[in-house]
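Have a look at this one.
By written order: A, B, C, D, E and F. Residues from 1 in each chain.
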Amino acid sequence: MSIVFWVIKRDLLLAMRRKSDVLTTLFFFVIVTSLFPLGVGPEPQLLKAIGPGVLWVGALLATMLSLGRMFAADHADGTLEQMLICPESLSLIVLSKVVVHWLATGLPLVLMSPLLGLQFGIEGEALRVLTLSLLLGTPVLSLVGAIGASLTLGLRGGGVLVSLLVLPLYIPVLIFGAGAVDASTSGIGAQGHLSLLGALLVLALLATPKAVASALRISLE
Amino acid sequence: MSIVFWVIKRDLLLAMRRKSDVLTTLFFFVIVTSLFPLGVGPEPQLLKAIGPGVLWVGALLATMLSLGRMFAADHADGTLEQMLICPESLSLIVLSKVVVHWLATGLPLVLMSPLLGLQFGIEGEALRVLTLSLLLGTPVLSLVGAIGASLTLGLRGGGVLVSLLVLPLYIPVLIFGAGAVDASTSGIGAQGHLSLLGALLVLALLATPKAVASALRISLE
Amino acid sequence: MVLTAESMLEATELACMRGDRILFTDVGFRLAPGEFLHVRGPNGSGKSSLLRMLSGLLLPEAGTVTWQGRNIKNNEEYHRALIYLGHLNGIKEELSAMENLKITCGLAGFDVEEKDALDAFERIGLFGREHLPTKVLSQGQRRRVMLSRLLVAQTPLWILDEPIVALDTDAIGLMRSLFELHLENGGMLIMTTHQELELSAGIYKEIRLTS
Amino acid sequence: MVLTAESMLEATELACMRGDRILFTDVGFRLAPGEFLHVRGPNGSGKSSLLRMLSGLLLPEAGTVTWQGRNIKNNEEYHRALIYLGHLNGIKEELSAMENLKITCGLAGFDVEEKDALDAFERIGLFGREHLPTKVLSQGQRRRVMLSRLLVAQTPLWILDEPIVALDTDAIGLMRSLFELHLENGGMLIMTTHQELELSAGIYKEIRLTS
Amino acid sequence: MSKINWYKYSAPVTFYGLAGKMFPGFAILSAILFAIGLYISFFVAPTDATQGDAYRIIFIHVPAAWMSMFIYVVMAAYAGIGLAFNTRLSAMMAQALAPTGALFCFIALFTGSFWGKPMWGAWWVWDARLTSQLILFFLYVGFISLQAAIDDPRRSDRAGALIALVGVINVPIIYFSVKWWNTLHQGASISLTKAPSMAHTMLLGMLIMALACWMYTIAVALYRVRLIILERERNSTWVSDLMKEMK
Amino acid sequence: MNWGSFSAFLHMGGYAFYVWSSFGLSFALLAFELVQLSLRKRTLLKRLGQIQKLNEHRGNK
């Protein structure tokens, strides 16, 4: 069990030390969402309609871009080798790393989203649903993303590969996430969407650590 | 002069070898633009209205993300050191590198944009103007981006810094670019916007190589 | 081939293929406490690959590696008994030597006291540099950070890939005496190096790979 | 201090500061054709820093470096006369040895014939590996790719930071004879190394840095 | 050298010969079926009352769409077997099937587009079925590029298998999520117009074309797997014997 | 038989462009796959021949 402690402590320490890595993701999220009004023009009605979609796409892209960092540094400097030959369960290590990844990328996005939502004129219940959907959805993005990140470790142009691999897997999350807000504004109620997101989260929590562990073993052959 | 040849040859070779780097940018562009309908919903009218904005924001983000690669690999493996101590003019080397960067990132975006435009229901004259505006705008993005890339070389979290530095410089390009399409559909004619984009391009071609060269010298101290 | 009580690590008929090149076949040895196995061979002959195989990072094309009679694959006990240090440093540039040491040891399953760590750094010649981020250290100092793990760890088997590269003569002397102590205490050592390094303790064994 | 006709490279009263630590002060020397300057000192004493200063990559805290009487800053001629190889390999992992060599030479301003390059690889022991991406090569082979540049280049001044690290004895022998030839032909050599490397040609000079 | 366990290499050797023998049969069969299918599509099947002759695209569109889905499942099954039992041949089969699957997927996409333009007036709409087909295409491309990016065949087999399996679990999730997304949003403006009461000949034509596609796929996969085997075993003795024979 | 004349066949009831593009491109792609496969076979055999030569060369030594 203490391995979890050490992995989390180490990764948090590194995240603090490389603060700008965390900021990159957050900042990217802010940029994406703020550029849109500049690109599509200032009509409030239009902006309100596309707001939830833009925020969700932004969160998705921001997470996707941060995936490269999840294992790359550990791979390049040999720490990952040490983790593989360490006596503890690899799935546990993986899970700890994903948790820190989410704390450093997903959580800030969630905290930031109400503010950005306001910029698009999303308010009240809709804003609450948006934040909640992100809170449930971003951990799934981190978990599923870990599979892509581990499979492409050390490959030429890992970047595009990660995107290619995880994108199709992200789409259900995006649809339920952005859909939740629309459902709540159109009066259907967001309950269904949010429960589905929760189900996805549980599924991902159960299935991904093992998959990632074997992917890591494959990649470090 | 032969240095230009060697730099271009080398960078093109590397781009071919790391095909996926080139593909990353292109694919990222495709992803961003295809995710939007999934996020904001499938109504054709809405999609048509936000289409040009989405494509331009996508192109801008894709270029911004590829900036990190412009000098980073050369920096990490010591090639940049060798370039600095090489007898030829550094501005020329820089210009060659930027040209290859555009060939490998900007040009594919431009070529891809008509297809993606169709997915948003943009057709005919508007599609032509969109493509043209991207053709004029993306080289400016590469040139201006080089300044940011060189200044942030080797800094912790160069990523966020680059974005912070170049974003304000990119916004005029975005506004004129996305504005061109709107102008053409609303019947004002895109002439004015496109000429402004052209002027920005000339300005960037003249000013940036020298700026980047001195930024590189500063960064490698 | 009868397994003697003492032979702890045993490799039989290992073969390694990289790309479409066969690097070696039919490599085997046994290692008992107090023995030192020196893997030799020219550049590119497969030394690093063999060491990675022995640590379980690379699956052998053929043959097996056993620890106390059990295959090392998914063998927790083996991994608890092992330290492997490769060409890569395995240290984080942003963290200080102290943080690096504490964390690598933590990951390997045991805690280091601040005091012991300071002792180790003093012995290995990093005194006064413990709290600098490792990226400002010189080439040799970085190697020392990595090697400091050997000073605090209590594991019986060390697998080291060119450990003394980039070290100056003082540091090499220190490493030599450390290795000797380890062997005297019944530890085992598998190592490659292109530099000469004569140890006055332990039983010397050698594998020579050809290219 | 009169500039003799022969002294090509001259450093006066160099000082280096890293962080808040003074690494060295008042380092000076002159180097004439056929001379070999060995920079010695323990890990972290500032050898690499000195070499980077001499190649113009690091500005000295105090003092100057001149080449044929002119300061090396923005001195094209100096850069044409120089090869500097540092701790970093400066090779692209994705490219083959052949492509790497051609391109580094192209960047340095001269073209290498395919044939000459092949000769060089044969001599340096990379025969049959010229077209593999360098990332699959072993540690020593990667160093050789980088060093192959010395075999085809015609520049008078070589500044090498621990060039023989990770090389096996054959390769070290080759490098030794290469250095000797270079010095006999009137070349200059500045080098650091922790391993012993006695050259039988050229005039030996030494700088000792202390930590 | 004799110590390497050649047993596990034996399967590809025998399969190499077997595939060589089977290939011509499937190739000929597929050519004949394509001929019959095309004849039915253009000369037997009558013009549709509502869609005119544009509907004839159905004879290539639907078989291609079916194939693209089937092939993915078959491919994932092969990959899974390869991963579980470490049989190299099934991993090679998965690798051999992927490009053809992606090809059919692509065909379904653009024939659909070319159908949609005259029927709906748009090249593309964000309909559930279209969207999930597009995502399936991304899944194929992901699998193929992952394998292409890895030089070491062993790693590439295993990594590919893992992603294929993850993908196959996700296909239904994707399909239903997209469907739900779409039906929740969309007004009645556009929907995939189902051909009214599928005529007998139309069904027959589609089935024969689909069968032809199957034969084509098998033939091409066999051909490709032979090449993959040769490539991977290029240094083994049996390949060099083979080369001597061919001279 | 559906078609009065050959040109009516080509005209496809006004949908010629769409129908023929679909079928044409589809079969062109299938044909392209076949061509690409045979090209791949050719280069592979060439390479195998080279390896063969190299091996013989080594064997003779």
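Operating definition for what follows: a contact is a pair of C-beta atoms (placed from the backbone, for glycine too) under 8 Å apart; a residue touches a chain by one contact, two chains touch by 3 or more.
Computed from a predicted model, the values in this text were never measured in an experiment.
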{"item": "Topological distance between chain B and chain F, in contact steps", "value": "2"}
{"item": "Touch-network distance, chain A to chain F, counted in steps", "value": "2"}
{"item": "Label of the chain whose CA centroid is most distant from the centroid of chain E", "value": "D"}
{"item": "Interface sides of chain C and chain D: same vs different residues, half threshold", "value": "same"}
{"item": "Chain pair whose interface holds the most contacting C-beta pairs", "value": "A-B"}
{"item": "Centroid distance [mean C-alpha coordinates] between chain E and chain D, Å", "value": "56"}
{"item": "Inter-chain centre distance, chain A versus chain E - centres from mean C-alpha coordinates, in Å", "value": "32"}
{"item": "Inter-centroid spacing, chain F versus chain E (mean Cα positions, whole Å)", "value": "16"}
{"item": "Per-residue overlap in chain E, given as positions that touch at least 2 other chains", "value": "145, 149, 151-152, 181, 185, 234-235"}
{"item": "Two or more partner chains touched - positions in chain A", "value": "18, 155-157, 160-161, 164, 167, 171, 175, 182, 221"}
{"item": "Touching two or more other chains - residues of chain D", "value": "94, 136"}
{"item": "Residue numbers on chain C that touch chain D, as the complex places them", "value": "18-19, 41-45, 47-48, 87, 125, 129, 132, 136-141, 144, 162, 165-172, 194-195"}
{"item": "Partner chain A, residues of chain E touching it in the complex", "value": "135-136, 138-139, 141-142, 145-146, 149-150, 152, 154-155, 158-159, 162-163, 166-167, 170, 173-174, 177-178, 180-181, 184-185"}
{"item": "Of all residues in chain B, those that touch chain E in their complex", "value": "20, 34, 37-38, 41-44, 47, 118-119, 121"}
{"item": "Residue ranges of chain B touching chain D (in the complex, touch as defined)", "value": "2-3, 5-7, 9-10, 13-14, 17-18, 73, 76-79, 81-88, 220-221"}
{"item": "Chain A partner contacts - residues on chain B that touch it in the complex", "value": "17-21, 23-24, 27-28, 31-32, 35-36, 38-41, 46, 49-50, 52-54, 56-57, 60-61, 65, 156-161, 163-164, 167, 171, 174-175, 178, 182"}
